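Naming follows writing order (A, B, C and D), and every chain is counted from residue 1.
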Amino acid sequence: MASPLVAVRNLRTLFPVGAHSVFRAPATFVHAVDDVTFDIDEGEALALVGESGCGKSTLALTLLGLERPTTGSIDFAGQEMTALKGSELKAARRNMQMIFQDPYESLNPLMRVGEIVAEPLIVHKLANARSDREARVRAALEAAGLKPPEVYLERYPYQLSGGQRQRVAIAAALVLEPRLLLADEPVSMLDVSIRAEIINLLAELKQTRKISILFITHDLGTVTAVADRIAVMYLGRIVELGRTADVLTQPRHPYTKALLSVTPAPNPRLRKERIILKGETPDPTRLPGGCRFAPRCPVAQPLCLASDPPLTALETGHTAACHFG
Amino acid sequence: MRTKDVTAHVDEKMPPTAAKPVLSVCSLSVDYVAPPKPAAHAVQDVSFDLGRGEVLGLVGESGCGKSTLALALMRLLPPAGRIVNGSVRLQDIELLDLDEARMASLRWSQIAMVFQGAMNALNPVRAVGDQIAEAIRQHDRTIGKAATVRRVDELLELVGIAANRRTQYPFQYSGGMRQRAMIAMALACNPAVIVADEPTTALDVMIQAQILDLLSRLRRELGLAIILVTHDLGIVAEICDRVLVMYGGVTAEYAPVDLAFNAPRHPYTQALLHAFPDPDHPQAKLNSIPGAPPRLDALPPGCRFAPRCPQAMERCQQAAPALYALPDDQFASCFLVEDTAEDRRGSLDHG
Amino acid sequence: MRNRRLINKVAWALFTICFVIVLNFFLFRILPGDPARAGIRDPRLTAEAQQAIRVRFGLDKPVINCFASINPPKPADCFVNPLDTQFFIYVGNLFRGEFGISYHSNQPVAQVLAERTWNTLLLIGVAQFLAIILGVALGVIAAWKLGTPVDYSALIFSLVAWSLPTFWLGIILLFWGSTNLGLPIGGMVTPGMNYASIWAQVIDVGRHMFLPTLTYTIVFLGEYMLIMRSSLIDVLSEDYVLTAKAKGLNSYQILKAHALRNAMLPMVTIIALNLGFTVAGAVQIETVFSWPGLGGAIYEAVGQRDYPMLQGAFLLLAVSVIVANLVADLLYTYLDPRVQLE
Amino acid sequence: MESSHPGGLTATMRNFSRNRMGMVGLAMLLLAIALAVFAPVIAPYDPAKPPRATIMDIYLPPSAEHPFGTDDAGQDVLTNFLYGARVSLMVGFFASFIAVAIGGVMGLSAGFIGGRTDNILMRFTDIMLVIPDLPLAVVIVALTKPSLWVIVLVIGLLGWTSTARLIRSQTLSVKQRRFVTRARAVGAGNFYIIRRHILPLVLPLLVVNTVLVISLAILNESTLSFLGLGDPTAPSWGQMLNFAFTRGAMSAGGWWALLAPGIGIVWVVLACTLIGQGLEQVLNPRLASHNLSSTKQMILRPPRTQSQHAPQAPDQA
């Protein structure tokens, strides 16, 4: 088997907390991403699922090099990303593009669609000939399902619907022909009827262009149609990782079970017993000793408060970090 | 001509408590007027009944008029809003006939509201307990200070907030707690009906589950009637008894929740359901609805869904279908169900 | 948390005052009108008396040591007996309350300023009080009646009032008041008047005060109205006001319980930030109405090239603005729980 | 949906052209500028020529010969008024240019770079903000030789604080927007982001601020001149007022010498204020109503009697 496109090993991104003062060193750190390891294969979609504040967006920004990891390594297409700086990093980044949550916010309101999609080419000084650039912009728009592209080139984002805007964002990512797409909650701000379009588009890109996708979401319900594997994150850690069908049908970590149970199923006949966790995600500056999930875990045992379970393999490609998983 | 004598639908199969509706809305229509622009028909001829302890889901995409409908029930429309037709009866009182002072006295004591985004719906510079107490005292002038405090504590406890947080400010609460505090505030005067406008939007799934759980407990224990405005069909499937699907300001389908999900009759409801991943075939391609909802100030001449409807006929472009009454208390406004319709008694003639 | 904020604010104000003292000192030394070089020009003073004043205010000493030998400057010199320089003598004198001797009247500057401070405070105090009360009230009415003719008239009035040069409005009102109402054309009291009673004195001062106060009130009223109006419109568009309405509160209750306090918060900051302009207004008004206050002192000192007076008056004004800003800052902390408890 | 187009200088200007208040202000300002530019054409006399100052010529009331009367030196007020406009407007424009340039650069760098740079720049701004401008300007101008350029410089150097704060906060808010993160994710550098993403969104606000800074600069200039600190070789409106006020216009009843320059100042300042107000309405469109706006007309449904809508009768079908 070929080596994965992305190999993340023991990645850790910490943020200092409190006012950064000349006199005081920060006393505490937010463990935004804490010892995370995973792979993404060529043409594979990995869904990263977790509640807000679990570190999933920080993980994406760290992959992109917009946040510096504290420790750990990111191997992207055979290149160690954490060691890169300046122009090398910029060049490597070309193969890794991001799509953001809110298409109303992630597009500059004063730029035309054509300019937005061409921007990555200009920034990377690619396709400098005007005709070449235009051809690539058109191709990207078409690939993102905005057909015919001429209709959209001169429009401003405010003249487009939410779904079209998200397609523009996708086109701007595709124009560099990246090998990895980081999609941070790409559909959570969209109406249900439009949501399906975007998810279908991502699934199609994965299939036809062999683009790898990291699909970040808080909603397990949206990932099934596109993700090959699911990674569940809690407080900076991956607590369960496995093939989509395995995780959905045989969740092994109590947190995954709880998340699955509260994900609304679109049919009243599928109403099920919900495992509702008490309270909210704890303060990531004061992590509990032992298992991070223990204080909210419905099946926690004394052992869980004492020792932190490692991510252990259960069956082929399915791992969970639970003493009793 | 728009007919006024409309909707008489009561379901014998409903639980006996629901026999007499707490709230009954009849062909309610709301326009937004901002001359010189044409009036936007945000809500048109919407009717429904709500029984004690019942949860009605009001679903639709953004801009379909569901929030306008919710505000119209409270008579809290923005100044451009006009209720141009219909009736809202709350326990035999016609709300639309009341003068403003009388309406103000019924607000919150009879019909309360949980707003979208509790961060903005709570005054940032007043303690949360204070804002709940204000609602209590507004509708019960005789209640003493100590009794008010006791009641506030009781309410906070009911929604799972420790009483010692009474004197804290909204910014000291987490998102989920603010929404609970809003619910506690809504319960302050024991209202018969609560209108919850997107109460879980922008909250995480787990917090959402906590809030939904709280709402269903309240409906069970207090017999509260709840109108749940949402864009998420999943939430409706979780806790609602009946569902009213709105599209472009009109009722597309109005049915018991099981029928709406398992035997939807309106193509829009069907399309919405197909846009969800099928639990049996999770990796199958999703069905999307091409196009966008109509602008309320430029509605198509015929059926409002026709431009996006996969089954649209010639007729749909010219005339809007009535809301047809179907067996088992199901209603749909589509020409396709005309033949199976029991009658047109519950229908609204747009032609 | 709150205490740390308080200490921070006070420390910052003190630092700013130090900055103003340094600025004030060097400004007068660097710019051409150096009082040390201008010397003590009063011909009535004897040579000994002039020398005594020189020594008292250190005018015979270098500004600071390293500047004594300016070419080339020797930084090391700064530390040779640094306190025996004009700057530190000046600072030391300030702490003893000595601001210098007025070139014009030969009186100690501190004494002249002390008398005049109260006159300015009286004028500014009454006028600001009126302007704030009326401006806020007008702003509330305009915001409440948004889009009605009441609102438009208030808006236009305020925009015009804001655009009026203070001194010119003063002149116009002075022209009108002295000819039509028989009000005095300047000063604080009628000269040479013997008052029969304290009431007669109060009435006389009041007659002198009427026009300057009116001018001042109109100018600031407009600005406060504009700020209050827009602040209240923002608050009234907030969701929590809708919540209050849904709770059954009527408009008066909502204004009282929810809107006014929230809308006043930005007002407090802006009033504080405006204190600098307030002082500017005082200079203009006291000039037009010959009001014997600090602003008038600045004007007279400019005309007479009375540098010690100018220096002292500026320092006093700057320090009072800084202190008033500090007070407003702390008041804000008290009013807004978000800042208080953060 | 057209009206929801956000920000942008061209869009702002287009919407501004539909704003009545702003257009009135603009017309007023253009008129003032035209008068100043064409002063030599319009003015009935040559201000450079020494006046025939006999006692009979001072404070003459308005007449055909002197439409605005004459002043304390027997000069034609209209002529001085027109030439004064040049001085007042020039000082206003140049001083505000300095102020806006400094404030803009300070605000943009503080907001964009952030961290310690922001801290230092803003602390400095805070100090400048609390030091009373006008008395400081008076002191500085009084200590130097009065000249137009000193006045321009002093007003400009003391007037940038509000611009700096405003531009900083706008830069901060634009910087945090998602499309800037997106540009970074694509690999864009700081200079590109400032030029392509930040500046275009900050610019409209800078224009509003400039207009208000101009009006303040004109007010400040007139105040300095009125206090006798103006450039005697280039009399502005403020200086005309100073001469009239200190040289007996009040006692001579020569109100015309006080009226024209005063109205000139109010005219220009009000014009700028109206433009600023108009621009602000365009940039920050508030709804024409809020939650307490009168809702008397909310219910417009046809009246119905009790019998017409009997409570939901059981379905007899």
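One rule holds for everything that comes next: contacts are C-beta pairs under 8 Å (C-beta built on N, C-alpha and C of every residue); 3 or more make two chains touch, one makes a residue touch a chain.
Since the model is a prediction, treat every value here as computed from it, not as a measurement.
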Requested in this report: Any chance you could check whether A-D or A-B wins on number of contacting C-beta pairs?
Outcome: A-B
**Report entry** Closest chain to global C-alpha mean, per-chain Cα centroids
**Finding:** D
Requested in this report: Just grab the chain with the largest centre-to-centre distance to subunit A, centres being mean Cα coordinates.
Outcome: C
Query - Interchain centroid distance [CA atoms averaged], subunit B/subunit D, Å - result: 49
**Report entry** Centre distance in Å when subunit A and subunit C are each reduced to the mean of their C-alpha atoms
**Finding:** 56
Report summary line: Chain-centre distance (mean CA atoms) for subunit A and subunit B, in whole Å, is 34
**Report entry** In subunit C, residues with contacts to at least two other chains
**Finding:** 238, 242, 245
Query raised in the report: Do you know which subunit D residues sit against two or more other chains?
Result: 287, 289, 291, 293
Requested in this report: Two or more other chains in contact with one residue: find those residues in subunit A.
Outcome: none
Query - Chain-chain contacts as defined at top - result: A-B, A-D, B-C, B-D, C-D
Report summary line: Per the touch rule above, subunit B residues touching subunit C in the complex are 74, 76, 101, 104-109, 112-113, 115, 117, 120-127, 134-135, 138-139, 169, 171-172, 185
**Report entry** subunit D contact footprint on subunit A (complex, rising order)
**Finding:** 20, 22, 64, 66, 90, 93-94, 97-98, 100-102, 105-111, 119-120, 123-124, 156, 158-159, 169, 172, 176
Query raised in the report: Which of the residues in subunit D end up touching subunit B in this complex?
Result: 287, 289, 291, 293-295, 297-302, 304, 308-309, 311-315, 317
Query raised in the report: Can you list the residues on subunit C that touch subunit D in the complex?
Result: 12, 16, 19-20, 23, 27-28, 31-33, 143-144, 146-147, 159-160, 162-168, 171-172, 174-175, 178, 185, 233-234, 236-238, 241-242, 245, 251, 254-255, 259, 273, 275-277, 279-280, 283-284, 287-288, 298-299, 301-303, 305, 307, 310-311, 313-314, 317-318, 321-322, 325
Report task. Show which residues of subunit B lie in contact with subunit D when the two form their complex. Result -> 4-5, 7-10, 21, 24, 26, 29, 49, 75, 77-87, 89, 92, 94, 96, 342-343, 345
